[in-house]
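Chain naming follows the written order as A, B, C, D and E, and within any one chain the residues start at number 1.
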């Protein structure tokens, strides 16, 4: 069920995009407001047909302007969360969800509504729900379709953080389970980095950068285009044990990591998002600090960033950590590739929503 | 009280509504959503009966459906009876005459549905027919009901066509509107008053029930 | 009941023919259905195939034309000669008189606002009323105040509605029990207009009941009723 | 060709539309947006003329607007002329008769405006009148145009009332619909055909122009 | 132009809220999805009337259910950004903006559209704009009203980060300039903390916590309710000089701070958001670290947080810094109130959107 997308058009905006998403893979589509993200999702869903485009799922073309193939939307098995929800105003939340099922199943609808934290609100009409509640009904409806491709247009923008974190978990579980390609449009970099396997950055309709999340998030040009200062690396790890003082010990390739309570049984594989700007480097192994995680590694590369900082790629075991430090600090430490270095990371600087269960795909890739 | 005439009028109105309901839904939706070459022409054609006074329509019908006309002859060779001066002829005329009253409000009702809601229906995998039934129709329902109520009332009151092509034959073409006219001419003011009152009462009840039922159907459809 | 033949009758017969049809049913057990209207309209509809079996016109010319064009069985029969009457509602400023003197005076005095007749374009009683008013010499002056009924029966309704000073209608209507109490009338001289020679005819597909009713119209019982409604009968 | 009758019909239709346009907008909007006790009653009253066949309405008018009736007397004492058998009477009857045709589609048009858009208008500081002009009317415009076109056409074609209370007075109550009927009865088929053709042509042009203008007004209002 | 709000109702949700916002003050209203935030804004705007409520601006009651005062919405001078924009679909962007002006002024409309980064899109109808562009038209329209109270319901949720940062600046400039009370509903804590003087946390219609931003953001219960792990302190400072290596030196009460390029002329007063989880504590002054900012202070309080961490309040000069460290680290360092301590802060860990120009009100409060 891989999803392949190619679109080329002159209106409504000049568009020149191609990417593909493997089954079970989540691709984040990011870019400035007005860069064409929604237009692309609409193209995939069959709500918009660019002059020159091809959309195929599992090799089966849904749209091929060259071959004059153009399946109508209802024949494409997509779950689309509209940016402005587009709920059916005359149906209750549960009916909205059932509307997307091949056979209406109230129990299943309730289950999906529970999934998005809307327990007990199934009987309400959209007009009786808050903005965030409506948005979650839209997500539930898209899931209920059991789609071959899930298209999410800023699906959590109106949802509070606590609920959002829960939904991240559900999305991860679902795509691992259902093996469908997912395209996520978001302005939230943490969201993108945490959930996405790969990212496409578009700018005024053109692909500015495409690659794995790690690659893109380490690319200063792409980040600047996203208006982002913080880069981060994803470190794969395995839950080792839950300690009595509330910390969890993770085993990473580079050694143990102590983080505040990470949910999951020992043995569970996770990905930890380590923000480059939160990593402190030290030549000597520092003593007497409150920071619990000191990872020894070697300087792999030093990349000048925009402005006052440089990005230091530190090889830790077979993985990489990014450290964003000031030019001044790099000078003071006299860093050069090959140097032994210590990366200092606070336990508390890894927020709960920076740790996510890894999908099979991600495990395989690592 | 001329029950025969009342019965005839109600049957005429019911048939007209029954025939125009699907027409208004399908044609109204088609005109609301589809863009195609010559759409303006189709819309103008639908509107045409609107600009015809019933006497004009009656006149044209008399001429073109009459015994000596090709249409009239074709009809009578197929159905064994003539079109003019028959109930079937009245129904046909009435359907033609009410077309714009049935289609226009329905079309506006469909047009008022936000494009995204219809797109959502397609993305939920609803075929156009299913979307019509589950989404478009419930949302356009007020417009469709308006269309049907206008048609019903308009038919009950129709007078010009019936007078011209009906011939005021009791039980066949003498509608209640004609009967009231007759009674007034016969200086039978009391009968006219009773008939008017009964008609108003029945029509009011019918429309009230229609609105109530339509509200329920609207709920059930959703 | 759907098989009962339809009789298309000029509206000056409104009351007379109803009574005759009732008597016919009482005597023979057979029924006819009556359709009352303007002679012109019926003639038009017969030409387009209206399923009438008897046509009782207010003016024989319509019948003769239909016969010429093959729509009727024969020339039919003259069944009555109609008379015109001026009728005014109670409380009207107008007093009816045969010579229409009061009408002329009131007209000159500007006290006529509305005066009803049947439409002279196609209703025989309207045509005759116009002739009579022309003979009296007040047609042109009366013109602006004229309201026209679609047929003579409607003209009577207009005349007596209280919204007109009066009107010229059929004598047969003025005599009808439903109409007579509403006003007073005067007969207009016979020779002021062409005679209203009323002819009836069996149409091509008339059945036995229609034939029976047609015959009944010629019988004394029916003639008596016609006479009571002020018609002059042929051969008398 | 009876130009007087045509002119009369067009004037009658124009007056009816002119009077009902503000009524449909104000009443339609009121019924669409306001909730109050007895609203159902008001709605039923507005619908009432819809259930009256024109002959019934004509009959009631004849009885209640007549010279001897209180309304008729009040009218003639104020305006110095009577209501029945006059142009003013026809306009009044026509306005009454078309009320539901004018109000219903307009009301549906207003109802289709999303509540939030109207709330946004209020939050932008628009008084109800300004919101009506700047937001409600442009958005409900298709419904209002439908209302007016239905009313216009319905008036042009109106026959029953005119026949019952008109009296076929040239220039006052002899409308084109009546004139065509007269011609047909007088076996003047050619005249009837010409009049019908002219009427159809004029009405088609009128409606086409209305749609075009309304589109432009809709644009200008926005 | 102070805004006072009190609302008590049983439907649609039980509501029991009271707060006031001073002229020029920005109050952030935060809480879970469905907690009643939109309902409150609608109450202020006159779109919803709770059973028992009072809304007054500058002492002038707009709504007082007791005194039967209830100004209609159009008589209340509010600028409201609807959660779902509610643009006028038949008007162009510029016309939408002008619709909120007392006298339509195309030049002014263009100016406001430029302000929200919509230059050149004034002639487009809403249907021809992307989601984020529509949202910015809604913001522009609310500003064009020159309101006595500005009500923003998640006004930046659909906007990318770069644009969002620009808009923050505009909002700050505007409210300093126009002296109107602003109520901002947001799910973005950084946004709230950066822009707000005070915060109200509501939970199921009740006020859970109210106070200055600093107070609320240091309150673990309130934060948990918001689904937030990261606490932060706001440190006031003044721009001292822009250094050639791209850093800016700020003077804080505790000494100099080196941050990546902060915009503003020397002398400009700013607030720096220092995330508690990013601060490392050390007994001895550490050497040889890449971190540039080492602030000496004393431990003021140690507050047990939820789970595995403690919050250390460090008095630095007359202000406070928060450091969130693990219990384990606190034990290892043997921290107790009164101890001298060094707070280590990376330059690069302060993102650009964590520094905001201070308003007069904030300066006065400090």
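Here, contacts are C-beta pairs under 8 Å (C-beta built on N, C-alpha and C of every residue); 3 or more make two chains touch, one makes a residue touch a chain.
Protein identities per chain, from UniProt: A, E = Molybdenum ABC transporter ATP-binding protein; B, D = Molybdenum transport system permease.
Computed from a predicted model, the values in this text were never measured in an experiment.
Chains that touch both chain A and chain C: B.
When the partners of chain B are compared with those of chain E, the chains appearing in both lists are A, D.
Relative to chain A, the chain whose mean Cα position lies farthest away is C. Sorting all chain pairs by how many C-beta pairs they have in contact places A-E at the top. A straight line joining the Cα centres of chain B and chain D is 19 Å long. Rounded to whole angstrom, the centroid-to-centroid distance between chain A and chain D, based on C-alpha atoms, equals 60 Å.
Spacing of chain A relative to chain B, judged by their CA centroids, is 57 angstrom. Remark: chain B and chain C have CA centroids separated by 36 Å (rounded to whole angstrom). Residue positions of chain C touching 2 or more other chains, listed in rising order: 41, 44. Residue positions of chain B touching 2 or more other chains, listed in rising order: 62, 163, 184. Counting only residues that touch two or more partner chains, chain A has 84.
Of all possible chain pairs, the ones that touch are A-B, A-E, B-C, B-D, C-D, D-E. Interface residues of chain A facing chain E in the complex, by the touch rule stated above, are 12, 30-34, 37-38, 83-85, 128-133, 136, 153-154, 157-165, 187, 189, 226-230, 245-247, 258, 260-261, 275-278, 280-284, 286, 288-292, 307-309, 323-330, 332-333, 344, 346-349, 351-353.
Interface residues of chain D facing chain E in the complex, by the touch rule stated above, are 114, 116-117, 119-128, 131, 134-135, 138-139, 218, 221-222.
The touching residues of chain D, when paired with chain B in their complex, are 9, 44, 47-48, 50-56, 59-60, 62-63, 100-101, 104-105, 108-109, 111-112, 142-143, 146, 149-150, 153, 156-160, 163-164, 176-178, 180-181, 184, 189, 192-193, 195-196, 199-200, 203-204, 206-208. Listed in rising order, the residues of chain C touching chain D in the complex are 38, 40-41, 43-44, 113-114, 116, 119, 121-122, 146-150, 158, 161-164.
Residues 1-2, 6, 8, 11, 14-15, 33-37, 41, 44-45, 48-52, 151, 153-154, 156-157, 160, 176, 178-179, 182 of chain C are the ones that touch chain B when the two sit in their complex.
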